[in-house]
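Pasting in a structure now, in structure tokens, and then I'll have a few things to ask.
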Amino acid sequence: MVLPIDLLEVSLNRDISLLLKDGRILNGKLIGYDQYMNLVLDDAREEKEGGEKRLGRVVVRGSNVVSIAIV
Amino acid sequence: MVLPIDLLEVSLNRDISLLLKDGRILNGKLIGYDQYMNLVLDDAREEKEGGEKRLGRVVVRGSNVVSIAIV
Amino acid sequence: MVLPIDLLEVSLNRDISLLLKDGRILNGKLIGYDQYMNLVLDDAREEKEGGEKRLGRVVVRGSNVVSIAIV
Amino acid sequence: MVLPIDLLEVSLNRDISLLLKDGRILNGKLIGYDQYMNLVLDDAREEKEGGEKRLGRVVVRGSNVVSIAIV
Amino acid sequence: MVLPIDLLEVSLNRDISLLLKDGRILNGKLIGYDQYMNLVLDDAREEKEGGEKRLGRVVVRGSNVVSIAIV
Amino acid sequence: MVLPIDLLEVSLNRDISLLLKDGRILNGKLIGYDQYMNLVLDDAREEKEGGEKRLGRVVVRGSNVVSIAIV
Amino acid sequence: MVLPIDLLEVSLNRDISLLLKDGRILNGKLIGYDQYMNLVLDDAREEKEGGEKRLGRVVVRGSNVVSIAIV
């Protein structure tokens, strides 16, 4: 049994890919989270048609996250 | 009487199919969950027209899940 | 006075028809529920134009349910 | 001062008309409710263009209700 | 300082105009409310193009209310 | 450090401009609020193409507010 | 491990860029926040096609925020 929060813990400092409710995809290195699944990404990039938009360090609200893939 | 959380428990390590609020369908092996019905899938694949997109290990937020079918 | 949760209790092992927020209709036998109105259906079928899609045993999140009709 | 829950209490066994978030209108006899304003309707009918669809006995989730009119 | 709930209290038995999340406008006399801002209107009328629809006595769920204007 | 609730406190009796979730813009004098950021506006006006609609004294539900600008 | 709330703390008096649920982008200097991630921005500007709209000092409701980028 892998608790969701445990998977986040072992994914610290690894690359993850987030699918957000509005369909956006954010990629970056997971460097933090809290019990609401608010996430902190380092070197975050938003996937865009024909490229990506660099966002730097970002907080992503857990309530807007659909899924978190460990890359 | 089968409690929803009990059905998740007996479905560990089995294939499930998730319908998400935005209409996406995710398939994969259930390897964990918590009391909010956040789920951990292994070998997750998103159904796409003409194929599927491999996602690997993912956390899916329970608040975005419409239904969980035991395959 | 019929409490909503009491109607679920007496509907165990009976066929119900769910209207979901996204307009989908799911039919099946109610075999479980919890206090959030998460439901467990057996032999679930989604109504589709020109037929139905068989889903087997499913958990349906209560937060996505609009109404539950006792068939 | 008429508390919303008190109006439900005195409306038991009377016909009500529900407006739901998705614009549907459900009519029926109120036979139960709980503190979340989940409702139980008997002989429920959904208003449709050119007629109505008979639903029988239904639980309606309070979170999907916009307004409850006492007929 | 006028607390929102205090404005409701002094508006009892006065006409109010509600803007709902789906854009509907309901007018009527406020005869009750609770701490969730669920409201009870008497002689409620929904504004419609070219007229109004009479609804009688209604409970309006606070979670669907955008604003309450004291007429 | 300016706590959000403190900014509301010092903005009492000043003009504010609200952006609501549905895109509406409401202007008026802030005369009250509570811990849910429900707001009371005096002399409220909704911005409309080609003018504004006068609403008088209104309660605005905090859950529908996107941002509050101090004018 | 960087907790989301800690990243806000070290970002005080720095420029941030907010992505809101409705797709708007707000830029400004973070001067406050609370435990709900309600934020206070100074010199806030909304990105618009062909320019920006100056908003001054604003409270942004945390429930409408998708992501917070530290510029």
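So that you can tell them apart, the chains are marked A, B, C, D, E, F and G in the order they are listed, and the count of residues begins at 1 in each.
In this section, contacts are C-beta pairs under 8 Å (C-beta built on N, C-alpha and C of every residue); 3 or more make two chains touch, one makes a residue touch a chain.
These numbers were taken from a predicted model, which means no experiment stands behind them.
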Third chains touching both chain G and chain C: none
Shortest path length from chain B to chain E (each step joins two touching chains): 3
Cα-superposition angle relating the copies chain F and chain C, to nearest 5°: 155
Chain F and chain G, separation of their C-alpha mean positions in angstrom: 18
Intercentroid distance (Cα basis), chain G paired with chain D, Å: 41
Where chain E and chain G are represented by their mean Cα positions, the distance between them in whole Å: 33
Overlap residues in chain E, where contacts from two or more other chains coincide: 21, 63
Chains in cyclic order, anchored at chain C, direction fixed by chain D: C, D, E, F, G, A, B
Interfacial residue positions of chain D with respect to chain C in the complex: 12, 20-22, 24, 26, 31-34, 38-40, 44, 55-61, 63-64
Contact footprint of chain A on chain G as seen in their complex: 1-8, 17, 21, 23, 37, 62-63, 65-71
